[in-house]
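Next come two complexes built around chain A: one with chain B, the other with chain C.
The block that comes next holds the complex of A and B.
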C-alpha cells in the first residue's frame, strides 16, 4: 500500500482495464513483454465491471456528479527537443448517459436504516443513502443539452404510460402507500443495501458462447482457472404476451410439451439439415432468412423460435447470416449443458480481472486509481515514445494501448453516435417459474412496433450475482431513444412495478436502473488521429457474445508482436517442478524463468494423476 | 471425476503489504526453500502441497498476490472461493501492521463470509528490529476474531504449523458444514471443499 514509484521503462503501457485491454495485457506479459496496466478508476474492468449494490449506487452518483470541466495540467516541462504532447481525456463519462433509477420497495423503520449504513463499508454506505433519496431527479449524465432534452421527454412519456403507477416517477423509497397493506414482499430497500455486498451487477450484459472465441481463449490460455462458470439453463422467448421456453437441444425438443409430434419432427429435421450448407441454402443466401424459414413450412411456432431465439436475428436478416448464426448456436449447444451459453459466477466483471491476474502472474504491473495524462510523441517518426502518468512521471514505452473513452474527441476521426440501451432490474420472481429456482435464462424479446429486439438475461442467486429471493434481470438493445424509452415498455409488459397485487402474477420489480452506453462496435480501431503505435480499444458492444472484444485484442496483440503467439497456455502450477539445486526458482528475467521452471516430465505420480483429472474436466458433456 | 488422490482440497490465499514475506512463507512450506533477495514471482499462480492430517490427505492450493498488492490493485476475483486467508505483516515494519484494517475491509468486501482468516506476523528472526509487540498483534487479532501466529520463513519457525493448523481448522469446518448441511450449502465458493468441477469449469 506504499506509494512506491513506478519503474520508468516498459514495453507496453495500457490505460483502461476493459476486456480487450486486459486480454492484450495478459497476452503481452505472457510472452515476456514488460507491461504497465493502469486505470483511472478505483475498480477493474471499466464499463465491463460488475458492482455490488452499494458500489453501483456509488457509480451512479459519480456519473451524475461528473462535470465536464477537467483540470489539465501543463506537462510541457517534461517534453524534450523534437517531441510533442497529446493530452488524453481525463474522464470517460461521455460513454454513459440518460441514467435513471427507480425504487419500488419501501424502506423499513428508520432505526433499521441506520445500522445498515454504518455496517457497510464507509464509502458505499454514504452513497447508498444518498442515492436512495435522490434518484427522483432523473439525470442525463452526458449533460449535453440535447441529451437533457431527451431525458425530459422520456419522463413525460413515462408519466403518461404509467399513469396508474405514479410512483415510478418519484422513486423516494419511503413512499407511503405500500406500508399500509400487507404484501407478499419481504425484501426492503434496507435489505438490498444491507446485503448489497452479495450482488454483482454487470454494466454490460453478455453470455459466453461455449464455442465462442472467449471460451476458446480462456481454455487455451489457462485463464479459465481463475473463474467458475454456470450453464445458462433455459432459453425463453416472449410471445403473445407470455413467456415460453424455447426447445433447442435434442432433449428439450423431445421433452417439450408445447410442440406437436409433427413440429418436433420438423424441427429436428430442420436443425439437422442446417449443419451442412446445401445448394438450397445457397440459393437463398441473398434473400431474407425469414423467407427461407417460411419456405420450409415449419409453422409459426417453429419459425418464431428459429428466427428470434436460435438465430437471434431480425426479419430482414439475410439467409446467409441467419444460417451462420443458427450453425454457431448449434455448434455451441451441448458442450457444457443444454444451451449454448455459459455465465461466469460472480458476474462478467470477473473475466477482465482474470486476464489481469494472468498478466500480473507474468510480471505485469498493476495500478488502479492511476492514469496517463498525456503521450509524448516523437515528431520525426510520429511514434509515441513515452507517456506521462497522472503524477507527472515520464514513463517510456514502445507501445501504448488505450480505452476509447480516454481518447479526446478532437482525436477521433468520426465520433460514433450509436448507443446501447440498458436496464437492470432486481425482481422478486422468475419470469417463468419452474421446478428449480436456480434457472439462468436468456429471454429473447422480438422487435415490436418499431422497437428493437431486446435481449434479456435473468440471473438467479446461484450465479452469485444477487441475494436469495431475488433475480437480477439485464435488458439490452440497440438504442432508438433513451434507455427508458426503449426498454420500459418491455419492462412494463413483463413485470409489475411496486408492490401491486398483480392478477397476472408477473414478477415485481424491486429496484431498477436505466442507462445508455456507447456501443463499442461503432469504434474503428483506426478511426483516430494518433501515432501508429497507439492502439484504441473500444468499450463493450451490443452483441450477446464476446467476439468483438476478443478479436480486437488479438488484432492489437498481433500488431504489437507479429511474431509471437497469442496467449499460449500458462504452465499448470501442478506441473511446475522446482529445481532444488537452483536456489532461485523465481526470477524476474524471462530467460531465467525458462530455466528455473520446468514443465513436468512425468515426475511424481501425484502430479500426473492431477493432470488427468484436469483433462477429464475439459470434456464437454456431450 | 475419477480417482482422487486427496480427501480435501482447500484454496488458501495470501494477502498483506508488499515485502512482508508472503512468497517466502509459501516457498518455505511447499519447497523448503528460502530464497534470499528474491524479487516478484513470475509465472507461478499457486503452489500445491498435499499433507496428511489424522490419516486424511489434504491438498492445499496456496495462492500468491502476483505483485498486485504493490499498488493496492488486487483483483476481486483473487479472493473468490478462497477457503482461508493468510493476512501477513512484518513484525519489523509498523507500517505493514497499520495497513491491516485496510486489508480487512477488502476481505469483508470480496471474500466469502465463512472464510477462515489467520493473522501472521512474519520475520521473527529479526527480533532485534521488532516494531510491533506481540501483545498488540494478539489483541488486534482477537478483536477481529482471527487466529494469530508469528513466523520466520527464513528460520522455518512456525511455518509448517501455520499451514497445518489452517488445514486442521478447515477440515473441522468442512465436517461441521457436512453435518448441518443446510439449504445455504450449495453456494459455490462457500462450500468448504472446493472442487473445480462443482460448476461447469471449462478448464
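The block that comes next holds the complex of A and C.
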C-alpha cells in the first residue's frame, strides 16, 4: 500500500477489525463521524476471520512462528506538554494457543485408494495416545504442516512421506473399497491445496439467530445488502452413539419418523405453552430446567431434545434461563426457514467486512497492516487526545476503540482467562446423510463424563465454505483442557480418521485443526486502567449467537455519541446526492474497500431484495 | 454536519417517483391505444405481437390483450418457434404476477398447440411456483391440466402430495388433491367406500401425524372425514308403495331425483299417469307419487302386479297387491342397505377400531379439542351407532360447551344422528311407528325413510317447524308433536290418511299457519291447547270453516 500520510485528524480511531469494532466503525461513519479503522494484520475481521485453505495454512505458520514481537519504538518525541504515552501491545498472540494440525489424506491423488500406513499410525496417535504424549504429536503435526506448505508450492519432496511407501507395500487389489463406499471420491491433500481458494474456514463458529440482534441490525442498517445467507436446514443431536434429527418446527414434528404420535402431541403442546410465561413456569424459576421438564412427563426423547438441542443448556441450568432460551429459539423459528438459524454464504468472516464496507461507503478510511503503537493522553482530563500509528504519525482523535488483544496485560482488569476449544475438520461426508447433500446442520453433543457440551456446525459446499465432495465441520466448546483433549473424543466417536473402511460408515476426516482461543465473554468492556474515551472490544465469545458483540458495539457507540441513532437505515444508492468534487473521503474509502472485500461479490443487491421478500413472505406460521 | 452523506429528501424522492410514474403511464397508454386501433383494423402482425408483449409484461392481467395476442398467433401460426417464445414470455409474466389468470391460461393454450410439448418442464415450473406459494390455485389448476395431458402416473402424483404435505401440512390443496387421487389408485373397490381400506397406506399414518402435531389444524381433519366418509349411494328405487283405496302409488328413491323417465306398468299394461312430488316446492325429491285412473285397482278381489320402471337408470321394481289387501309395498329394509353407515367387513371394523383408539388417545391429551371430539363421534357412528349412543350424546354435550359458537350446528347434527338411530331401531323392530320424544331434536331429516310410518311421536323436542319434506310421510295417520316450539306446519300437506294431529304447547300463532292442514282430507282430531292461536277472536268458528272435517277440536 502506498505510504501516503493519513489525515492527521479523526473523530474516532479504531484498532482491530473484529465484529464489534467493525459495527462501531459503521455506526460512527453512518452518522457523519470521521473514522480511521486500522488493523495490524493483513486480513480483515481479526479472530472473526475466514480463510481460504492456503491462507489458513499461512495463519497457522504465523501462529506457530509467533515469537518476534515488534520492537517498541520510542515515540516520546511526539509528546507535548501535559501529555503522556500509553504503549499498546504489538500483537495479540496470546489469544490463540495449543494449535495442532492433523492430516489424514495422502499427498497425491492415487488411482486406487488403499489404507495408507502412515494414516493408520496417525489415527493411533490421535485416538489412542494419552495426554502425556501430546507435545511430540504436536510438533510432528506442525512440521508436517510446514512441509505441506512447501508442497503446495509445487514441490515433490513431501510426497515421499505419505504417498510412496504404501504404494510399494500393498498391491492394488487388496482394498475392496467399492463395496462399502462406492460413491465417495478420494480427495488428496494436493487437491485441498489446489482448490484451497474455494474454502472459507472461519476461526469462530457461530450461527445467526434469525431474530437475534445481529440479524435485526443487518436489516435495520441495510448492511444486509452486502451479504447472502443460507438457512441452517436441520438441527441434529448426538445421542446413544448415533446422530438423530431434532424435530423443532411444526413441519419437522409432522415429518419425524422417530417420534410417536403421542410424543408429537406432547412436544407441540410443550412448545406452544412455552411461548407465554405462565404461573406454572414462574413456580419453577429457581429450580433446574431439567426438573421442570421431568415434571411435564415428556419422556426421555423429548427431554433430551428440549434440554440439549432447543434450549441448549446444561442439566443444572435454572428453569428461568432454560425457558428464556427455549423461547428465543422458538421466536426465531419460521422467519426464514425451518430452523432458527442463518449462516452467511462465504463464511462468518463476511459479517465484519460488511460493516467495514458500510463504514467505507460513509467515508471511513481503512488501512490494513497498519497499527497504532501508542496513545497520547492528556494528563489533566485523562482523555486520549491522539494516537501515534505504526509509522510514527501523530493522529488526533476524540475517541479510541481497541480490540482487547492490543491492550497490555498490565492495563487490563485481571480476569481469569477463559478459553474456547475449537476444532475444524474437513470431512468427506455428512454425519447424517439425507435426501439432499446440501444440508447445513447444527449438531448438539451433550456433555459426557465431565466434558462440556459441544456445538458442532457442519457446512456443506452450498455455503461456499468448502469444495464439492467435502464438508467443513466446526466444533466449539468451553475449554476444560486443551482443544485436542476437549474435542478429539467427540471427533473420534463421530468420524473415522483417514480413509479406512469404517464399519459404521462414519464420515472420514481428511484434515483437521485444533486450537484454543481466548473467550471474549471474559473481557470487561470497562474498568481498565485506560483513559475514559478509550473503549475495549472483546474478541469472539463462546455463545452460538452474536448477541455479545452486537450489544458491546451498541453500548460503545452510545458512549461515544449518546445523542445519535445507532445504525439508521442506509439510504439507497440512488438517493445519495453526489456533487462533484466534494466527495473525496468517500472515494478514498471505496478504493480501500476494493482491496479487502473482494469476496463480497456483485450479488449483494439482489440478495438484499430476496431477503426482504423472504421476510415479508415467510412470517412465522401461527 | 461535516462529512455527512447528503441524501435526497423524501419530497425530492416523491417528486422523482411521480415523474417516473407519469412517464411510464404515458408510454403504457400510448402502446395500449396503438394495440386497440390495430385490433380494430384487423392487423395481426409482428409489431402487434411486440406491442402486446410490452404491455402484458408490465400488466399480465389484461385479458383483452391476451385474446388479441392469440388472434395474432393463430394468424401467424407458421412455425413452432413462435410458441416456444410464448412459453418463455408467459414465464416472465408469471414472475410479475404468479397468480395472473391470463398468463396461466395463455400458457395452457400455447402448450396445447405445441406439436411436442415438454410436459416435464411444465411440471417443474408448477413445482417451483407451488414451492413459493402452495396456495396458488391458478398453478394447481394448470398443473392438473399438465398431469392430465401428460399422463403422470397416479402413484407419482401421490408422492408429490406427500412431499407438499410434508413441507406444509396445513395446506388443504394438497390434502384435497390426495383425496382425488386415492380413488383413482384403487378403482377396483368403488363400493361402498373406495378409500377406507387401502391396505398399502394405513389410513392413519399421514393424517394422524398431522392432527397429533397440530390438532387445531382443520385441513387434516377434513381429509380424515373424507377418509371415513361413505360412498354416495347408488341411485335406485328403494321402495314402491301402493294403496288400493286411494288408487295411489308412491315411489321412494335412494337420492332426490326428478320424475323424468319414470313409468308405471300395471299387469303388463303401461299406464298413463301424472307424477308429482309430495310438495310443490320440490322439483327434485326422493319421493314421487301418482294417482291411478279411478277404478283401476279398487276391486279388492283382484290381484294386481305393478312395476315401476326408471329408464334413466335402467332399473325397475315390482310390487304385488294381493287379493283382499288394501295396501302393499316392496322395498329393501333400511338395515339391509346400511343406510347411515358403510357396510364394514371384519377387517375394516378392526381398522376403524384402531383409529378410534388412536383418536381417543389424542382426546386424552386434548380433552377439549373439538375436531377430536367430532371425529370420535363419527368413528363411533361408523362402528356401532346404537351401541355408542350414550357416549355420542356425552361428546355432543362437551362439544357444545367448548365450541359454543357452533352449538346450533352440533344440535342439528345430533338430531340427525338420533333420527338415524331411531330409524334403525324401528327397522329392527319391524314396526311402522316412529317415536323420538324428548331427545332435544332441533331439526328433522331422513323423512324419505319414513314413507311407510303410520304413527309419529315427536313430543318434547325443540322443533320449530314441520318442513315441506314432512309431506313424504304418505302413510301417516297420527302426528304427535306436543311440547315443541312449532310455528310452521308447511309439511303437513296432502297427507291422505292423516286423522289425528296433536300440537299441544307449541307456538302456532295465526290461523294462516294452520292452512296446510286443510289439505288433509281425513283430519278429525286436532289438539291446539297451549298455542297462541287459541287466543284469536272467533277461533272456533274460523277453524270450523277452515277445517270442516275436524270433529274433535281441543283449544
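Keep this in mind: the second predicted complex is superposed on the first by the 490 of 622 C-alpha atoms of A that agree within 3 Å, B and C clash if a C-alpha of one lies under 4 Å from a C-alpha of the other, contacts with A are read in each partner's own complex, and residues count from 1 in each chain.
The rule is simple: a contact is a pair of C-beta atoms (placed from the backbone, for glycine too) under 8 Å apart; a residue touches a chain by one contact, two chains touch by 3 or more.
For clarity, every value in this text was computed on a predicted model and none was experimentally measured.
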| item | value |
| --- | --- |
| First (chain B), second (chain C), both or neither touched by A:218 | first |
| A:571 touches, of chain B and chain C: first, second, both or neither? | both |
| Partner chain(s) touched by A:418 [first = chain B, second = chain C, both, neither] | neither |
| Between chain B and chain C, more extensive residue contact with chain A | B |
| Partner chain(s) touched by A:320 [first = chain B, second = chain C, both, neither] | neither |
| Touched partner set for A:362, first chain B, second chain C, both or neither | both |
| Contacts of A:33 with chain B and chain C, given as first, second, both or neither | second |
| Partner chain(s) touched by A:253 [first = chain B, second = chain C, both, neither] | second |
| Partner chain in contact with A:331 - chain B first, chain C second, else both or neither | neither |
| First, second, both or neither for A:264, with chain B first and chain C second | second |
| Shared chain A surface residues [contacts with chain B and with chain C] | 362-363, 571, 576, 585-586, 617, 621 |
| In the complex, chain A residues that touch chain C | 31-34, 250-251, 253-255, 261-262, 264-266, 268-269, 362-363, 571, 575-577, 579, 585-586, 617, 621 |
| Chain A partner contacts - residues on chain C that touch it in the complex | 1-8, 13, 133, 166-170, 208-210, 212-215, 358, 361-362, 365-366 |
| Chain A-facing residues of chain B, complex | 1-5, 17-18, 23, 27, 31, 33, 35, 38-48, 50, 66-73, 75-78, 80-81, 95, 99, 102, 105, 108-109, 186-189, 196-203 |
| Chain B-facing residues of chain A, complex | 1-2, 4, 44, 52, 121, 197, 210, 215, 218-219, 222, 224-231, 336-337, 342, 345-346, 349-350, 353-354, 356-357, 360-363, 365-370, 462, 464, 570-571, 573-574, 576, 578, 580, 583-588, 590, 593, 597, 606, 609-610, 612-614, 616-618, 621 |
